[in-house]
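Next up: some structures, all given as structure tokens.
Paired with subunit B in one complex and with subunit C in the other, subunit A is shared by the two complexes that follow.
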Partner chain A sequence: MAGLSPSERRLQKELMSLVKEPPPGVTVDSDVIERNLLQWLINMDGASGTLYEGENFQLQFKFSNKYPFDSPEVTFVGPNIPVHPHVYSNGHICLSILTDDWSPALSVQAVCLSIVSMLSSCKEKKRPPDNAFYVKTCNKNPKKTKWWYHDDSV
Partner chain B sequence: MASSASSSTGSSKKIDANGGPDTADKEEKKEDRTFECNICLDTARDAVVSMCGHLFCWPCLHQWLETRPSRQVCPVCKAAISKEKVVPLYGRGSTKQEDPREKVPPRPAGQRTEPEGGSTFPGFGFGDTGFHMSFGIGAFPFGFFTSTFNFGDARPGAAPHGTPQHLEEQYLSKLFLWLAVLFIFWLLLA
Partner chain C sequence: MKVTIKNWVGVATWRWVANDDNCGICRMPFDGCCPDCKLPGDDCPLVWGQCSHCFHMHCIVKWLQSQQVNQQCPMCRQEWKFNNK
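Now for the complex of A and B:
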């Protein structure tokens, strides 16, 4: 592990434990990630018994060299963006732990679990009410968005 | 006391029981997970523990507290946390019994800004900047205000001695010092 920055060192540890004990439905290609620890692609299956059963999603994590003090930039990417009241059609996710409530004790695994549970508790597949406007006007980086976390029930 | 021969067999047996240094090392690593820093996930170095019981390296926790100075919470449980309220841990193996909080990174300097151009700051005097200083002391319990009520921000240096402005400043500084003293008394009596 020589030559790794503190961020990469921690990401390397996270990768090893994620490969060893992945949350249900979550898979990673560790070979690809090891080439660039600062950008991960994660596959996520819609949990069975939920509205997303049988669907497949891809999550992209981008880390700065201030990780874990700085939260990762997490978006859905690829052809299938889940239709969910907190997920915009450009893949941006409205989830407080990704900005205001981030803590360095959280991890990729914790974020994945949080997103899985966010999807699983969904009762109706629909986009956020301001989707069209947001997607047109937002910054490419969801962390630049000043989110309103007013609705924790969904 | 046992002979030196028997004691040396004893120690070599112990190594055998652990299956050599490799396995011992692995086992140690597993056990160490309990003592992993909650931030860098390494075994905590210069370890400190918060009042809520969470373990960190002091450098890691310090960096987190610096990241959000206005909202200092425990990364694990979100309990309020501060530099003053973490307990340094001294294991038997640690070489020096020094408080990790004393080491790098040092405690950040206070947020008080000195008036500009005041190169001849006379300390706690009643002189040029005494007004500024004594007000700071008076408001001590409310450290926050000290920095906000910094009258000296754009003051173009203290007036030269002897000028009317200087005398006025001196008068004001004494006045405020007395106000501060009265305030402290009031606090003590209240």
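Now for the complex of A and C:
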């Protein structure tokens, strides 16, 4: 692990444990990630028995060199963005652990698990009520959004 | 037979007594050091919070310094207070 920054060393360990014990439906291409540990693409399957069964999603994680003191920037990317009350059509996710409630004890694995669980508890596929306005006016980086967390039901 | 000891070399091992193997912040072993240090030992000590969670001192201080409002334990989110036992 010589030559890696502290952030990259932790990410290298996380990658190894994610490959060994991935949350259900989560897969990564570790060869691609190892070339740039600061940006990950993660494949996520919709859990069976939920509204997203049979769908596939891609999550992008971007890490700064302050990780894990600074939270990762996590967005859905690619052709299929889940239709969910907390996921905007541009892939931004309204999830408190990604900003205000981030802790350095969390991990890629923990974030994936939260997102799988957020999708799985969804009762009705719909976009957030302010989707059209938000995607027109927001910053490209979801961490720049002052999120307003008010709905704990999904 | 009578043996006379002319000299001897003492060898000792040490380890931190923590309730976990790895630091929850940097994920490095407690018996190693935080990623900013080169050598484990007293120069890279462990500290405990009153909530009983334990981290490399350098890791938890870095986290607390990055938090402007609430100073919380990364593991249990209780208010972080050093346990000076």
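Definition applied: the second predicted complex is superposed on the first by the 154 of 154 C-alpha atoms of A that agree within 3 Å, B and C clash if a C-alpha of one lies under 4 Å from a C-alpha of the other, contacts with A are read in each partner's own complex, and residues count from 1 in each chain.
Here is the rule we use: a residue touches a chain if its C-beta (ideal position, glycine included) is under 8 Å from a C-beta of that chain, and two chains touch if they have at least 3 such contacts.
Because the structure is a prediction, the values reported are computed rather than measured.
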{"item": "Side-by-side fit of subunit B and subunit C on subunit A, or clash", "value": "clash"}
{"item": "Contacts of A:62 with subunit B and subunit C, given as first, second, both or neither", "value": "neither"}
{"item": "Partner chain in contact with A:6 - subunit B first, subunit C second, else both or neither", "value": "both"}
{"item": "Colliding stretch - subunit B into subunit C, listed as 4-12, 22-30, 40-48 or 148-156", "value": "40-48"}
{"item": "Intersection of subunit A interface sets (partners subunit B, subunit C)", "value": "6, 9-10, 13-14, 68-70, 103-105"}
{"item": "In the complex with subunit A, residue positions of subunit C that touch it", "value": "24-28, 34-36, 59, 62-63, 66, 72, 74-75, 77"}
{"item": "Subunit B residues within the subunit A interface of the complex", "value": "38-42, 54, 60, 63-64, 67, 73, 75-76, 78"}
{"item": "List of subunit A residues in touch with subunit C within their complex", "value": "6, 9-10, 13-14, 66, 68-70, 103-105"}
{"item": "Subunit A residues within the subunit B interface of the complex", "value": "6, 9-10, 13-14, 68-70, 103-106"}
